[in-house]
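Presented sequentially are two complexes of chain A, the first with chain B as partner and the second with chain C.
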Partner chain A sequence: MDMIAKWFLELYETTGINLTIVYDAYDRQRFLSGLGMTVYLSVVCILASIVIGAVGAWAQGSPLRVVRGLVNGFVVLFRNTPPLVQIFFFYFGLGQILPRIEDVDGMRVPILTNVQWAIVSLSLFAGAFNVEIFRSGIEAVPRTTTEAAEALGYTRFGVYRHVLLPLALRICLPSLNNNLVNLLKTTTLAYAIAVPETLYVSKQIWTDSQNVPVMMIVLLLVYTALVGILVFIMHRWEKALAIPGYGQGGAR
Partner chain B sequence: METTPVTDAPSSAGWTPDQPLVRLVDVRKSFGSLEVLKGVSMDVAKGEAICIIGPSGSGKSTLIRCINALVPIDSGTIRVEGQEVNDPDLDKLALRRKVGMVFQQYNLFPHRTALQNVMMAPVHVLKQDKAEVEARARTLMAKVRLADKENAYPGELSGGQQQRVAIARALAMRPDVMLFDEVTAALDPETVKEVLVTIRELAEEGMTCILVTHEMGFAREVADHIYFTDAGVIVEHGPPATFFTEPRDPRTRGFLSKIL
Partner chain C sequence: MSEVFTAAPAARQKGDVLPVLLPFRAPAPRAWRWPRLRLVHLVGIVGALLLIGGGAFAQGGAPRLSALEVIWKWFPLLMSGFGFNILMSVLAMALGTVAGIGLGLLQIGENRFLRRLAWAATQFFRNAPWLVLLFFAMFMIPFQFRVFGYTIPFPDWVKAIIGFSLPVMANMSEILRGAVASLPSGQWEAAESLAFSRRQTLFMIILPQCVKRMLPPWMNLYSLITMATVQASIVGVSEMLTLTSQVHAAEGGRPDLLAPLYGFAMLCFFVYCYPIERFTLYLERRFQLNQ
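Right after this comes the complex of A and B.
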């Protein structure tokens, strides 16, 4: 470790490329914790947004007009407004209206922390898109396949869970993939409410170390790698779900 | 025939096996302004195999799809073992476990293997024990002569094989009556036979079968009773011996002369 740190210190002294995140223990720790926060936000929001998408798409098929209207309203609201505005709305708007609670030390604190608000906001944002993505998959499943399940006695939920959703998921995975990539990148907006994710800690680091261009390049590389990992996982999932003789799984 | 297990739902009160298993009385159905069924009545006794034939658009498919409530009717009554199908409080599960259905396009679940297709509904819908269902599913796969295809996905099977899996899938629910909706219409001529053989065996074992078909030779051979529909009404019906040789109605004669 010392060897590497020494090498990067020398690199700075000879070339001016100042990677404090490697040779400075404090900056390294800051940067890693920011990276951890980005991964945490991404994983939680991806899972939550998939659940929102699956539940929302099911509710969209409800026989009750009120339920369908609510889902469509939700989709319009979150698809037609900028995600940064949504985050501000939740943190500054809703966060201020909601009553405060007493924590263990007797301090009056908001019900949700900035990290929690970021998760709520980003999950709903991506979830709204996922509802539409799942819907596109559901609509591509032949009506007759659903009918066969109904004829076997499946309830509406049973049809959705055992037939529609598994098939729809396979059809819509490429679009879902796109949206989740977008979601991962959108976690940088949590910066605006001081969530210490990668961009936020990088800004602290470049302010302290005056290495803005270097940190910018680091950021680009980090996000390229993070999205690369996500895409890799999604492709593995796509492969695992491929059905022999059906769609892309045809060539086994 | 398998014996009916004690776990099966009891028949609706008042129905006895000597009454018609399926009874349609003056059934009417319109899609928008198009009246597809204009007062259809029909009785199907337990153990009987009946064939519904007739020109395209005469309401044959709609007719059998009404029997398991896939299509709601406008008026009239349909009773399956005394249970009224058009009752607004209909217990659809109770009805559909009694009525198996096989479709023209097979409609297997493509993400599940053949064996899983057969097992799914008894496990998910009837909550039956998985091991017991699996044993039954294997027996059924052997019955439709596909024991070696248990782990194949529907996309890897031929049309005739898929259709036989679909028959096994419907039988796994241990229905009292089977509906066949033009089940050979999408098949290659050479695979039609393998499906028809399976259906004939079922009928001979005493399964109550209602078939919509264009296979006249098969209808003649298997059916106890033939119904001829045209323009939403039953024009004529009778046992195959008299139906095919001495059709009374000119419409029946016209239809038969075109296809025989």
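Right after this comes the complex of A and C.
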């Protein structure tokens, strides 16, 4: 570890490439915690948005008009407004209106911290897209499949859980994949409400060490790597789920 | 002619023609309509209005303006900010589209090296977060250029436009590549057998057919970039979101005003982007019919 640090210090002195995140323990710790926050935000938001998408797509097939209307309204609203304004609306707008609670020290604090608000708003944003994606997958499942399941005595939820959703998931995995990559990229917006994720700590680091270009390139590479990992996992999942005739995985 | 139908059911009038004997006429495509206001939208609009106006009743103090009055008072300023957002989105889209078509053509070109390079650039800019690219453009582009003794200033908003056009370029390149790949290969072969050169095939046969396929995703991209322009406020361009927080500060920083003000910003973008989404859906459906 010491050798590596020394080498990077030498690199800085000879070439001017100042990678403080490698040789400086404080910066390294900061950067790693930022990276951890990005991964945490992404994983939680991805899981939450998939749940929102699956539940929303189920509710869209509801016989009740009001439920359908509410889900449609949610999807349309969240798809057509900027995610940054959504985050501001939730964090500044709703966060101020909601009552405050007392924490362990007796201080009056908001119900949700900025990290939690970021998770809520990012999940809702990506969830709205996921509802549409799942719906398109469900529409691609032949109607006769549903009818056959109904004839076997499945309830509406049973049909959805055991027949429709597994098939629809395989059909819509490529577009789901796309949206989750988008979500991972959108987590940078949490920067705006001071969530200490990768972009935020990078800004702190380049303000302290005056190494904007280097950190910029590190940042781009880090996000490319994160997206690459996500895409790799999704492809593995797609392959594992593949059944002949459904989605792209089956065709191969 | 009429003897043919004598065996037809009694209800049939003389001179009627069996439907199966009618010539096939494709149903006319549905004309584009403005989205109908349904229960959903009414609920949404009323909800938004309540949210915006809600602050008025929460604080009944006499000297305080209600949220609606505040928005009305600052309406011209906020709208000028929104107009600036639209302007940035249009310019970024124009710049990104031109660059993206170039990159996309390189991606489907014959030069192996250029093809790999264009592919790598496309993937790189597609997978980088937009906000990071915006920071990239903001910090890496100098604030002025000196060309032949002339100083060309590069204000923040121009750099922001360049920052936004980078992801547009990459996505456009991918849209073009996808559209060309989705055409049946018979088109290329037919053109080759008619002695078209590769360039002629591309520009006279392939690309004109691709325009139709590229239009819906292109409009989608436009709507996305419009919604992304608010991110410029993070790097200090004074557009709608910046102005919104300034208005909030000018009104004394009342916390109950935040939700209405940001709600109003959401409403503006919704009103602008929702018709675009509907129109994109309509185009998608219409082009699928004719294929």
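Keep in mind that, in the parts below, the second predicted complex is superposed on the first by the 243 of 252 C-alpha atoms of A that agree within 3 Å, B and C clash if a C-alpha of one lies under 4 Å from a C-alpha of the other, contacts with A are read in each partner's own complex, and residues count from 1 in each chain.
Heads up, the rule we're going with is that a residue touches a chain if its C-beta (ideal position, glycine included) is under 8 Å from a C-beta of that chain, and two chains touch if they have at least 3 such contacts.
Please read these numbers as outputs of a predicted model, since none were measured by experiment.
When both complexes are overlaid on chain A, chain B and chain C end up sitting side by side without clashing.
Once chain A of one complex is fitted onto chain A of the other, the partner contacts of A:199 are limited to chain C, with no touch recorded for chain B.
Contacts of A:73 after superposition on the shared chain: chain C is touched, whereas chain B is not. Across the overlaid complexes, the C-alpha centre of chain A sees chain B and chain C at an angle of 90°, to the nearest 10. Once chain A of one complex is fitted onto chain A of the other, the partner contacts of A:81 are limited to chain C, with no touch recorded for chain B.
Within the superposed three-chain model, A:138 lies out of touch with both chain B and chain C [touch as defined at top].
When the shared chain is aligned, chain B comes close enough to touch A:244, but chain C does not. Touched residues of chain A were counted for both chain B and chain C, and C has more of them.
Look at A:166: by the touch rule set out above, it reaches chain B but stays clear of chain C.
In the superposition on chain A, A:148 contacts chain B only, with no contact to chain C. Shortest separation of chain B and chain C in the overlay equals 12 Å (C-alpha atoms, whole Å). For the contact definition in use here, the chain B contact set and the chain C contact set of chain A share no residue. Within the complex formed with chain C, the residues of chain A that make contact are 65-66, 69-70, 72-73, 76-77, 79-86, 88-89, 92-94, 96-97, 181, 184-189, 191-192, 199, 203, 212-213, 216, 219-220, 223-224, 227-228. Those residues of chain B lying in contact with chain A across their complex are 68, 70, 92-93, 96-97, 99-101, 103, 105, 107-111, 120-121, 124-126, 152-157, 166, 169-170, 173. On the side of chain C, the complex with chain A involves touching residues 38-41, 43-44, 124, 127-133, 135-136, 139-140, 223, 227-231, 233-234, 241, 255-256, 258-263, 265-266, 269-270, 273-274, 277. Looking at the complex, you find that chain A touches chain B at residues 142, 144-145, 147-155, 158, 162-163, 166-167, 170, 241, 243-246, 249-250.
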